[in-house]
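Following are the structures in question.
Same chain, two partners: chain A is paired with chain B first, then with chain C.
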Partner chain A sequence: MPQAHRDKTFSLWAKILYPAIFIQLVGWYLGLFWIGADKDQGEVFRIMFVHVPVAWCAFVWILAAAVFAIIGFVRKSVFEQMDQNTHAAIDLGTVFGALALATGSIWGRPTWGVWWDWDPRLTTTLVMFLICCAYHVLRSFTPDVQARRNAGQIVAILAAVNVPIVYFSVNIWRSVHQPQTFVRKGGSASPDIGLVLLVNTLAMLLLSFVIFKIRRVAVATEETLEAAREGRNQA
Partner chain B sequence: MSAAQLWRRNCWLVFEYSVRSVFLRKASWAGTLAFAACLAILFPFAFGTELIQKAEIRHGAFWAINEFVVALTVARLFTVETEGGILEYFLSTQVNRSAILFGKILFVVLYLLSIQLPLLLMWIVFYNVPGNVLLSLGSTLLPLLVLFNLGTGTIGALLACVTARSTARDILMPLLFYPLQMSILLAAVSLATMSDPGIVMLAGTSNESWWTAMLGVPVLFLAVGVLLSNVLFQE
Partner chain C sequence: MSTSEFGNVSWVYFVAGAYVLVVVVLLGLAVNSLGRYRRARQALNDEGFSDDKS
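Right, the complex of A and B next:
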């Protein structure tokens, strides 16, 4: 991608970032002030409007990273671009994974009485986050560019293998984490909670997509800079 | 010779070469066993010599020792071939890449089993495992060990290839290996504990999901390994 095109793309998505943040703020406003307190959990349940969307974003971006990696392996002509997409997607997966763990822990303290429990959902989410961290370590410590791209793409696929395990862990194993409240039939949540949660999830997905586009440009620019530095050192 | 026959022959060649290398360098096998023995001695002091007699701790310690043994083995999986230049020779020929991977996985399964059998004797002696526990474990332990080795061996072989060109291989291998194989460890400990007659299991605990994990993980990672074998093994 030429630098001028990158600059243009960056400026465009940087402008879209502000409306995306605004939509997210509206979603949080609805979650904080429009919805009434939960009869069991009281005010604490409102963290759900942050926790569930960030967890979904983590799943989506880690799965997207694997899809990019597979496309890159299948279509060699776009391998480099797909590797950059994978890199940006895993960056987001890592950040949202960390946020999901942090918000889950904050929610867990008043509801379960502990910050952390070795529950299947929590443990598998931590595993998913650690694999994302390993992806970054791998990229940092593999000097050969082609080897780095190959290894990174494989780790991205391995990280995605874990996503269905995280998602279905509450159904497969006995767990303190609540099962899927909105997906399964006969869920006990009220429709207005479901609606606000949907708004927040869509807003967070939109925001994460805008961040992805900006990060994608940054990844490409970093790689150009790195190649230029290497060229200068060799010269 | 048909493609399937050639594949089997290549696979057997890699396996045979690996076995012969270990046979020639007996110190490597003995060293791994000594390492396992050190861990078997270390755990009672870490947990307390009385607590280690408890059934849950006893089983956990056995599988944790196995875990470290696997990590040590897979970290050195291609060392002999790399040092002797054999891997480059294999890769420069028409040998099917998935045959190399399968040959190596087969070798890991049997190599680990050869360490685990004497380790099992140590465990029985050092941890005072009662006769009735051994009898009830009898039918479960061997398939459990084989599936554990297959799962961890597959993940380990994949990661050994992924991290081969990294400068921080010693950091990356455990960082990727331990999170990815966590479900196998969890399943192995749970199934072994469930077979122990001294433990009263809680209602609703089923061993079917654990067997699914024990079987599913190797199948999943073998499939990923076969699909990506050409990328994993590059000259």
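Right, the complex of A and C next:
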């Protein structure tokens, strides 16, 4: 992709970033001030409106990274572009995974009485986050570009394998973490809570998509610079 | 500000902590992404590489 095209893409998504932030702020306003307190957890349940969306974003971006990696392996003509997509997606997956762990820990302290428990949901999420970290470590320590890309793609697929394990861990094993409230039959949450959660999840997904597009252009531009420097050094 | 059953710590601190953390980290991610692009773009210009190298 020519750099001029990337510049245009960057300008477009940098502009969309502001409305995306605004939509997210509206979602947080609804979660913090519009909706009433939960009858069991009281006010502290409002953490749900950041915790659940960031956890979903982590799932989505790690799965997306694996899809990009698989497309790259299948269609060699787009391998480089797919590697850049994977790189940007795993960046987001790592950050959202860390946020899911941190906000979950903050929510766990008042509801469970502890910051951390070696519960199946928490432990599998930690493993997912650590695999994302491994992706970055592997890329940083592999100087050969092709080897770096191959190894990165494989680790991205490995991270995605863990996503369904994280999601279904509350059903498979006995867990202190609550099961899926809105998906399972007989869930007790009110429709208002479901609506606000949906708004916040969609807003966070939109915001993360805009950041992904910006980051994707940044990764591609950095690789262009790296390749240009290598070409100059070899000449 | 009401206190609750979480010792003497109000729920406000937990909720505010979670939201502030997410705001700071996402803002950092966005700024970092914008900055990485601008630095790489600037270096491409400064080092005289053609715009259509890729």
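For this structure, a couple of remarks:
Here is the rule we use: the second predicted complex is superposed on the first by the 234 of 235 C-alpha atoms of A that agree within 3 Å, B and C clash if a C-alpha of one lies under 4 Å from a C-alpha of the other, contacts with A are read in each partner's own complex, and residues count from 1 in each chain.
Here, a residue touches a chain if its C-beta (ideal position, glycine included) is under 8 Å from a C-beta of that chain, and two chains touch if they have at least 3 such contacts.
The model shown is predicted, which means the values in this text are computed figures rather than measured ones.
Look at A:Ala151: by the touch rule set out above, it reaches chain B but stays clear of chain C. In the superposition on chain A, contact is made by A:Ile131 with chain B only, not with chain C.
Contacts of A:Ala4 after superposition: chain C is touched, whereas chain B is not reached.
By the touch criterion defined above, A:Arg109 reaches chain C but does not reach chain B. Of the two partner chains placed around the shared chain by superposition, chain C is the only one that A:Leu17 touches, whereas chain B remains out of contact. In the superposition on chain A, contact of A:Val26 is made with neither chain B nor chain C.
Contacts of A:Val67 after superposition on the shared chain: neither chain B nor chain C is touched. Of the two partners chain B and chain C, more residues of chain A are touched by C. In the superposition on chain A, contact of A:Val54 is made with chain C only, not with chain B. No residue of chain A is contacted both by chain B in one complex and by chain C in the other. Looking at the complex, you find that chain A touches chain B at residues 73, 123-124, 126-127, 130-131, 133-134, 137-138, 140-144, 147, 150-151, 153-155, 157-158, 161-162, 165, 172-174.
Against chain C, in their complex, chain A makes its touches with residues 1-4, 7, 10, 14, 17, 28, 32, 42-44, 46-47, 50-51, 54, 91-92, 95, 98-99, 102-103, 106-107, 109-110, 207, 211, 214-215, 217-222, 224-225, 227-229, 232.
Contact residues of chain C toward chain A in the complex are 4-6, 9, 11-12, 14-15, 17-19, 21-22, 25-26, 29-30, 33-34, 36-37, 40-41, 43-44, 47, 49, 51-54. Of all residues in chain B, those touching chain A in their complex are 158, 162-168, 171-172, 175-176, 179-180, 182-183, 186, 202, 204-205, 209, 212, 220-221, 224, 228, 231-232, 234.
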